[in-house]
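This is the structure I have questions about; it appears just below.
To keep things simple, chains are lettered A, B and C as they appear, and every chain counts its residues starting from 1.
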Amino acid sequence: MGEVLVITSGKGGVGKTTTTANLGTGLAQLGKKVVVIDADIGLRNLDVVLGLENRIVYDLVDVVEGTCRLKQALIKDKRYPELFLLPAAQTRDKNAVSPEQMKALNDELKEIFDYVLVDCPAGIEQGFRNAISGADKAVVVTTPEISAVRDADRIIGLLEAAELRNPKLIINRLKIDMVRRGDMMNIEDMLDILAIDLLGVVPDDQAIVISTNRGEPVADGSMSQAGQAFRNIARRITGEEVPFLDLDLQDNLVHRLKKILGFAK
Amino acid sequence: MEENKSVEFKGTGQGLAIRVHLYHENQQIKDIIQQRINENPSFYKGATVADLTCESLSETSKKELEQWLADEYGMIINSKSNGARIKQDEEKNILPRQILKNDSFEENKEYGTKFVEGTLRSGQIIEHPGDVVIIGDVNPGAEISAGGNIVVMGILRGIAHAGIHGKTDAFVAASVLQPTQLRIHQTITRSPDDVLDRSKNPEIAKLKDQIICVEPF
Amino acid sequence: MDFFKFFMGESKKSKNVAKERLKLVLVHDRADCSQDFLDAIKGDLIKVISDYMVIDENEMEIRMTRTKRDTDDTMIPALVANIPIKHMKDRKR
């Protein structure tokens, strides 16, 4: 029996889709059977990030409406035979699916897969309610910006209200040099405010843009910091204890912060 | 000059241009026109006449001829001399359909051809049981489903599905053919993953032995 | 504020400004300061205060705001109640 993880953020553009694609890839690398679901109906994107956009014939709405069988809509990844994508419909809207239908779908998928990752749409409306329906755990993605953290806080509240207790936090796009100058909130600041467990920190990395351009997730063998960070997060999801990345070897401040947090000696 | 050449019919962007060359009596001209129209009545019926030139005729006779074309064949007269105006959108919609339907899209007479002007963007779908012509680009995420053929006068980057109801000889043609996916009847193909050598020239995709073949035209 | 920032050094780095502002905003967000919520507080306050004094309930005002902390200049969220007193109750007991 697998596990359904919803990846959410509230605010748009913080990297939910990139995170979903990379965690899917990272988990598949570890030999897990994974399906990533694009729950952003009407604004699908996970397919292009994974480079699978030209293989889509059926989508989530087709499955839910019974136009096709579930297996027909699942798209096998180019690189990992155990990684699958269930794409969103592009020409429908959020109301094409109900939370009950999503739950039934997730229940069916977790019989087959070790991990079901749901890429949640931005916002807190119907699309969000659909995406979290049937999820066992939640991952909240935020960036060190005041607006993203505020929305993350709101989302954490909504998740808890929906009985999704103890969501885990991923801090994305941390700019080490700005943190060092004191011009960006650091890990400690955000954990202080949001008061949830940290699942991982992904540094701001140009490799993300390049890999997205190519449709190859950065976690796929890339030596980049972001790729390493995503692979580590994937391992943490499987329950492995992985030390947090030393994001800047020359930077004592980050090291000091980690010491405060107990992540480093 | 032969008689049937003395009256010239020409399809233009604005409509039919009718040119009368020889000096004939009004009735003679009518007879010649009638003969031409009877060769392909559905083509001319309801067509727009953009220009009617006849050096030989007086203004009054010309007016009479225009009236006759309108009454007899339901043509819309839009010649400059006439001064009759039709609405811009009417002109766009009615006229090219009339001309092209019978010219090169013989097989979908019953449904006609749907013309779409402008860029089709992600999430937009064009569905039509006949042929579809897009005057503009089709972006990734946009979808065209046609019972007949699909012609894109622009870059096709989205999904094109021709012959949805089983017309296996349907084709997809585009000024630049770079679709995410091509489907003809029940056959699906996609662009190769290595996107290096994509043609920038007009191409046409047809079904040959259950395989979609793309060739330049 | 910019004038102060110059002298404040470390504590007024933009990330600290962000953090403070965020904390403040979140208190509002989390408190869900709907009118119902404030009315509930108002009702309870009236109950308590009425034991000691007679107040003008209609003119009473209660709202969430922010204020400077006494010890330093940090902004903190505050619940402000403006309660016009009509007269004190005779507290003989």
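The working rule: a contact is a pair of C-beta atoms (placed from the backbone, for glycine too) under 8 Å apart; a residue touches a chain by one contact, two chains touch by 3 or more.
The shown structure was predicted, so the numbers you read here are calculated from the model rather than taken from an experiment.
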Discussion item. How are the chains arranged in terms of who touches whom: line, ring, star, complete or other?
Written reply: line
Worksheet, complete the sentence: One chain pair leads in contact pairs, namely A-C
Worksheet entry | Whole-Å gap separating chain A and chain B, where each centre is the average of the chain's CA atoms | 48
Worksheet entry | Centre distance in Å when chain B and chain C are each reduced to the mean of their C-alpha atoms | 72
Item to complete: Indicate the whole-number Å distance between the mean C-alpha point of chain A and the mean C-alpha point of chain C.
Response: 38
Practice prompt. Find every residue in chain C that makes contact with two or more other chains and list them.
Written response: none
Worksheet item: Touching chain A in the complex: which residues of chain C?
Response: 10, 13-16, 18-19, 21-23, 25-26, 29-30
Worksheet item: Hey, which residues of chain B end up touching chain A in the complex?
Response: 122-125, 140-141, 143, 180-181, 188, 190-191, 193
Discussion item. Considering only the defined contacts, which chain A positions touch chain B in the complex?
Written reply: 42, 44, 51, 53-57, 78, 90-91
Worksheet item: Considering the complex alone, what residue numbers of chain A touch chain C?
Response: 144-146, 149-150, 153-154, 157, 179, 181-186, 189, 192-193
